[in-house]
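After this come two complexes, each holding subunit A, first together with subunit B and then together with subunit C.
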Partner chain A sequence: MKKDMKKKKDTRKITAILLLLSFAAVGILYAAEGESAPSKEYQVKAAFIYNFIKFVDWPEETVGDDSARSITIGIIGENPFGGAFEAIIKKKIHDKEVVVKHFGGFAKNSVKYRQDNETKYKYKDEEALKACQVLFVGPSENRYCKEIIDIIKDNCVLTVGETRYFLEDGGIVGFVTEEKKVRFGINLIAAERAELTIRSKLLRLAKRVIKQEERNS
Partner chain B sequence: MKEKNFWKWFVCLKDMIMLKQKNSLTGTVLLIFVFLIVFGFSQQAFAKEAEENNQEELFEMGIEELMEIEVETVTTASKFAQKVTDAPSSVTVITADEIRLYGWRSLADILGSVKGFYTSYDRSYERIGVRGFSLPGDTNTRILILVDGFRMNENVRGHGGIGHEFLLDTDLIERVEIVRGPGSALYGSNAVFGVVNVITKDGKGIDGFEFSGDMFTEKFKRLEAQRGRITYGKEFDNGLDWLVSASLYGRDGRMMYYPHFNEIDPEEPPEPGQIWPPDGYTPNDDEFFHKFFTKLTLGEFALEAGFSRRKKEIPTAPKGAVFEPEYHQWKFDTQAFVGLTYEHEFSDTSSILGRLSYNAYNHRRKLKYWSPQWWEYDDYGYAINPSQFDRRGTWLNGELQFTHEPIENHKLTWGTEFQYNGRQDMYMTRRGDEEVYENDDPCLPIIRYDSWMNHLLDVQKNSRTWGLYVQDEWTMSDTLALNAGVRYDNIEGSLARDTINPRFALINNWSDKTTAKLLYGTAFRSPTIQEVYYEDESEELEQTSADSRGGLDSETIETYEIVLEHYFKPNLRGSLSLFHYKLLDFINNEWIATPTAQNWQNWGMAQASGLEAGLDGKWENGVRARASYSFVDTRYREPRYNIVDEDAYLDEKTPGRMPNSPLHLGKLNLIVPIVENKVFAGFEAQYNSRRGTTWHWRWNDEDEPVAVKRKTNDYLLANLTITWLDVVKNMDISFGVYNLFNTRYYHPAWGDNELLSVEQNGRSFLFNLTYRF
Partner chain C sequence: MKILRNVRIRHKLTLIIMFTCICALSLAGTALIFWGQVAARHTMAANLSTQAQMIADNCKAAVAFEDAEDAKETLKALGAQPSIVLGEVHTKSGEHFADYSRDKHILIEHQEDGHSFGLGRLMVFKSIVLDGEKIGTVCLKSDLEPLHAMLKRNTIIIVAVLLFASAVAYLVSSSVQTVISGPILSLAGVARTVSEQKDYSVRVQKDSNDEVGLLVGAFNEMLNQIQRHQVALIEANEQLEERVRQRTAELEETHNRLMEASRQAGMAEVATDVLHNVGNVLNSVNVATTLIREKVSNSEVSSLKKVTDIVKEHVADIGTFLTEDEQGRHIPLYLAEVSKALIDEQADNIEKLRSLTENVEHIKEIVKTQQSYAKVSGIEVPTSLVELVENAIQINGAAIDRHGIELVRDFAEVGPISIDKQKVLQILVNLISNAKYAMSRVEKGKKLLAIRIYKHGADKVWIEVADNGVGISEEDLTKIFTHGFTTKKDGHGFGLHSGALTAGELGGSLTAQSDGVGRGATFTLELPFKPVKVTQ
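Up next is the complex of A and B:
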């Protein structure tokens, strides 16, 4: 009899524990369903990008038919901004509308091939990528920064990234976080190559600017 | 009417979760907790709305203004500290925030919350169990404890302290990296089941003075323990970063009941004031420590030094000592450490790392035994023989590691490590009793006992070890990577032979979100000085050392593991691992013959197979959660005893489950912000299934000796900590309830105890105040 009681108690205990764990699992999954809101870091970075557009001039010839009316911000990989850009989509910068385009992850959407003894990549939406005015390399694409930049470096695209060696990889604007505050560096050589003019105010605020002389010295 | 229904529902839920414990306080606390969760999740909705407005404001700002915004708050970082899917094993990282918000006060608390790990406390040391292995008498010798990469396992018995004897105050921990699986291919000896690397904080993060005080109590009537810490940290203009910290802790032990030592005959209850026989109660559970730590970082150099002394009273009368509240038995652990690190990056891909450290570790155990000279009694009316056991170790350790990328896609790490164990000593003295015959003729019955200090053990050793290792991280394609490493270890002296340990990890990134890993590795542990040379020549024990019996072999482990990791969302990771561990020639001292015996021998093979599943998530509103379940079945050759004339003989070894190995482990950890960035609730729940004890002597009703073995109960342990940051400027407070449901639970005791199991703490409360300026 006593043993029976004990067994019963044990079963109840296990049920209770299983229930608790399943509640936890359901809770976690449920919470995961909602679209994750952007963190403060990316809210601020979105505002930075908005400001960069104001201080960068794209060459006249690219401002052709379609792009004459809009500025496209491309985000490659997972979107860390959530809906942060929604607020500026209605706004206009230099009388142009802002359009946000999302591109799939590089690893999934690209094909590797060899040419002239060099490994090269062919991205699926390459043309659309090159047509962007701004391209943000998302945190999921950190591994492929260099490859992505290699594809678009000769086009008039302002590349924005946040890896440690983003500027060395040939990116134009790289975010760094210092003492909990967002800072950025500019690679002028890459900007010249992309035929972008960066206004001096932005250069003054940059934490680090890579210029021609620096490379020579 | 509605309210009544709600109340009924609540009582049901409460009964269910409390496992039918009638206690209104726990109910209330649970109710509070449920509200916290509901409140926390409902906040998510409000938070999102607020964010959109916030975003509008941000777009209005200029760059100068944006540059002034602080983006990293305690909880908003939704990225994981590092992408653990790239690591060649199953890795968990615990950060300083979590340590604070969960109210963890020792490394054992931290490790106990991690998937597949469990701790056992025998009221002298915290022992760590990994994936079903926590052998009797093991003092964490099979897990490597590192502080900033410096080896902390001492060199006489391989003890890696994770309780209060650990070098650091938990408040100084920046993060803890826990790597499961064999690590000998990189770290050498001791890294059998895993490597725990504790990274310390920098002075920059403290930036000024910080005071912290703890008050700990079981019941609010009595202050049981208190702790104080003062830390200073700063980064000076010349780039020098300095951290210095000192901590002090004292605990007045709580009264605990050890039924084994209750010698009162229920038919003859003791009269008031009568102190003999013992009733099994003792408050001898005091603990004290003081710790000091400092770290200087300048450019590529880091110099750190630490000192820790912990003094613990042992209530469990180990090794056949006296169980009497009047007599205090102590264990002292003192360690000092100096370490220098040099790190230099030649380029993006090549770097060099050098480490040099000197450690000293002293252990002293002071026990008291009954003396047969009953007439030479002391003030309490007992005749007592004191004994003292010392373990002294010093070692010098150096390591040099070079990383480069000679060929594209191959990241190579070369390294060498040496250790000179300058001192590996053991001394044991006990006041012994010897029969001295007053007359030359021993037949005459005039006998006098004489006593002096017997030097039972005097071992003085030193040894040298060195190792060479190489590891290659080969990125074969975008989705496939191979991580292979091998290490050669040369161990001088009679301890063990040379070993070579390989490790392979094949990592396949199926997609951006899913990673599969195939892992194989071996690891080893050389027998410790204590295991080889410990002997006890006293008459009643007559233990011989393993050395005199032909020495011991190193134990080795072979592991096979499959790990699947999947990001359901960028902020939610799930992991599943299946593993099989084969521990060969493991060194065991599981003997019944005497409760004090420490006869180590290579036991044969032990195996563990199991699975671990975990979920790990972080949300923007600050909710963080970890849940895990692990199942491990262990097998080894379990001894069976035959008792003839009060002597136990090893009859046979039959397959059985390892002692102290729970089949199921469930963990849940949850941080919920109650007020954003201000008030947090940290909740953790741990379920442990039953654990077996080792064999012990007992007498049955007919007063015959029998060998017994029991299982401890399964239990659900829950802790809740509420932390309020910046109550007034620069002052944080926190209040923690440990063992929320007041669960009564036991851990198996170790071989040198007469006890089968030791009761753990009931519900306790901790109040902490931290002030910075």
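Up next is the complex of A and C:
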């Protein structure tokens, strides 16, 4: 009887310890999550950006030494995604690693200059910026969208932004929100200029597509 | 198969061919339908899988970018196919994403990739894969209406083909079966002709070299043989008849000869017995004559001559001589004695001669009896049976006396009957002679021969000759009357055989009875009782 009692006590102890441990684990996880918890919207947008890669073809020759092994997603300005990308980019796309690269804000890292009566900007990390396959213009850079696009518009970079006139500014994919759902528009002319092929499946989903004809008319 | 027993071979063949055709066709048809269904199921599953694959492909972007409206749009394309009742897109986690439904919507439980046939439905699940990553699942549900329609159509076609093929098979088999049934029928026809008309000259036309041809050949050969045999048989029959006629004639002749021989033999036997008796009597006659001759030659007559010679010498002085002479004085006395002796001698001779005459008379009597029988052979004359039996005994008399056989006579008063007495005598002499022979081993003085005459019934007379001799074994009783059967060393097996025959000729019979070997035998001669009408 005594032995049984003792045994019972032991079991209770273990249970208590286990309970405490699990509480602790939950607490830690919750804390970690809270640390970089992105909004639902940016989680979706991160997934969209990641998925865009699958529906866009880059020209063969641009696949350089570095980009041959990886696909770089550049984020200029403040990072609104938190850890959202980290969860996704573990997987390869087209057998290539996906790398997320952060670039500093445009205002702080560019020099304004005039050339041929035009005001131009020189970004500090311009070459790295041009080497990206995807560039997301963060919400903090909304004011400089056009400027940023101007720098890289002749390079094979899929520009993604979320300003209202992002497409008009020469951006290729612009996020819009319809009925609380994230949707997007595509500027095909810009895509052609960047020598990017947008697959029809993606085009079909676009709520707005700027094409050659539309512009003409 | 029993019901087919009375069906004609023509119809049987047609039936067999048709049955085979229908069986084969039915089997083939069933197999076709079955494989058709299996193939159709495969095809249907494959088609639906392809459809699902296409939907999955088209929904890829929609799922990736969470555009349910677009997915729904894609699913609407399913409306082109009426059999598909339900289409759904599930997300990676199995949640419902978009759907298409023909009538009412039932949520499908998420499943792994592949297809499954259920009760009246086919379900297909297909993963939506984006760049090697599963991002959702397409699920299609189809009813099996196409399969059922196909089954129905195939069945109708097969049945129609079966009916048509049966009709064609009937027509074809009706004409083709004659190849086999034709020769058989002609064979059967010829066989019927042969059996009904016994005409073995017909032949079956042989027009094939198969087994039926062989049969026809064998049948014809059989007919050949039968015909040959029949001819041979008829010839043999005719020859046989001829031979039988010849043999019958020969037999009749032999029979007649035998009859004659037996009759003569019977007569010879009687004659032998007669001569035997005559010989015995002649012996007595001989003895008597010898005695007489001796008596006569030793007669006292010579003494008388001596006396007469002496008297002659003394003729001159006869007186003196008779009175004076010594010798002469004895003469009268001597003469008296001689004459007395002569008288005695005469008496003796007379006595002997009388006996001799008696014996001669006896011979005469025997011969006369024999003559009287020999004369009357073949003619029925009124006869006293007792006299007849006595005659028979008399013929055997010497032998009976010599063997010391005690004779018992038991003669009923029957009266004279009309019969061929020569023949009856012959039988009786033979029977007595046999009895005498049968008793030759029996001790002298114990031999017993009983002869009985009595009436049997109204129209039969029985004469029984019974002895206590060796008897007859049961085995021999049956063949005792057959020709050639004898137990005597020098016998020829005639006696009883001809006796039985003769009895038959007389309208009677001869039978034998014996209690076995050593127990004697009784022969019974049965004669018709034909009393002589007294004409007075």
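Everything below uses one rule, namely that the second predicted complex is superposed on the first by the 181 of 217 C-alpha atoms of A that agree within 3 Å, B and C clash if a C-alpha of one lies under 4 Å from a C-alpha of the other, contacts with A are read in each partner's own complex, and residues count from 1 in each chain.
Just so we're on the same page, a residue touches a chain if its C-beta (ideal position, glycine included) is under 8 Å from a C-beta of that chain, and two chains touch if they have at least 3 such contacts.
Please read these numbers as outputs of a predicted model, since none were measured by experiment.
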First (subunit B), second (subunit C), both or neither touched by A:Ser140: first
Touching partner for A:Ala107 - first (subunit B), second (subunit C), both, neither: first
Touched partner set for A:Val160, first subunit B, second subunit C, both or neither: neither
Which of subunit B and subunit C A:Ile151 touches, first, second, both or neither: neither
Which superposed partner A:His94 touches (first subunit B, second subunit C, both, neither): second
Touching partner for A:Val44 - first (subunit B), second (subunit C), both, neither: both
Which superposed partner A:Gly83 touches (first subunit B, second subunit C, both, neither): first
Partner chain(s) touched by A:Lys181 [first = subunit B, second = subunit C, both, neither]: both
Dominant contact partner of subunit A by residue count, subunit C or subunit B: B
Subunit A positions touched by subunit B in one structure and by subunit C in the second: 44, 48, 51, 91, 181-183, 202, 205
Subunit B partner contacts - residues on subunit A that touch it in the complex: 9, 12-13, 15-17, 19-21, 24-25, 27-29, 31-32, 34, 36-41, 43-44, 46-48, 50-51, 77-78, 80, 83-84, 86-88, 91, 105, 107-108, 112, 139-140, 165, 168, 177, 180-183, 202, 205
Complex contacts: residues of subunit B adjacent to subunit A: 16-17, 19-20, 37, 41, 44, 47-48, 51-52, 54-56, 58-59, 61-64, 66-73, 76-79, 348, 477-479, 509, 511-512, 568-572, 615, 617, 619-621, 623, 625, 627, 629, 666, 668, 670, 685, 687, 714, 716
Residue ranges of subunit A in contact with subunit C within the complex: 44, 48, 51, 54-55, 91, 93-94, 181-184, 199, 201-202, 204-205
Residues of subunit C defined as touching subunit A within the complex: 58, 60-62, 64-67, 70, 130-131, 133
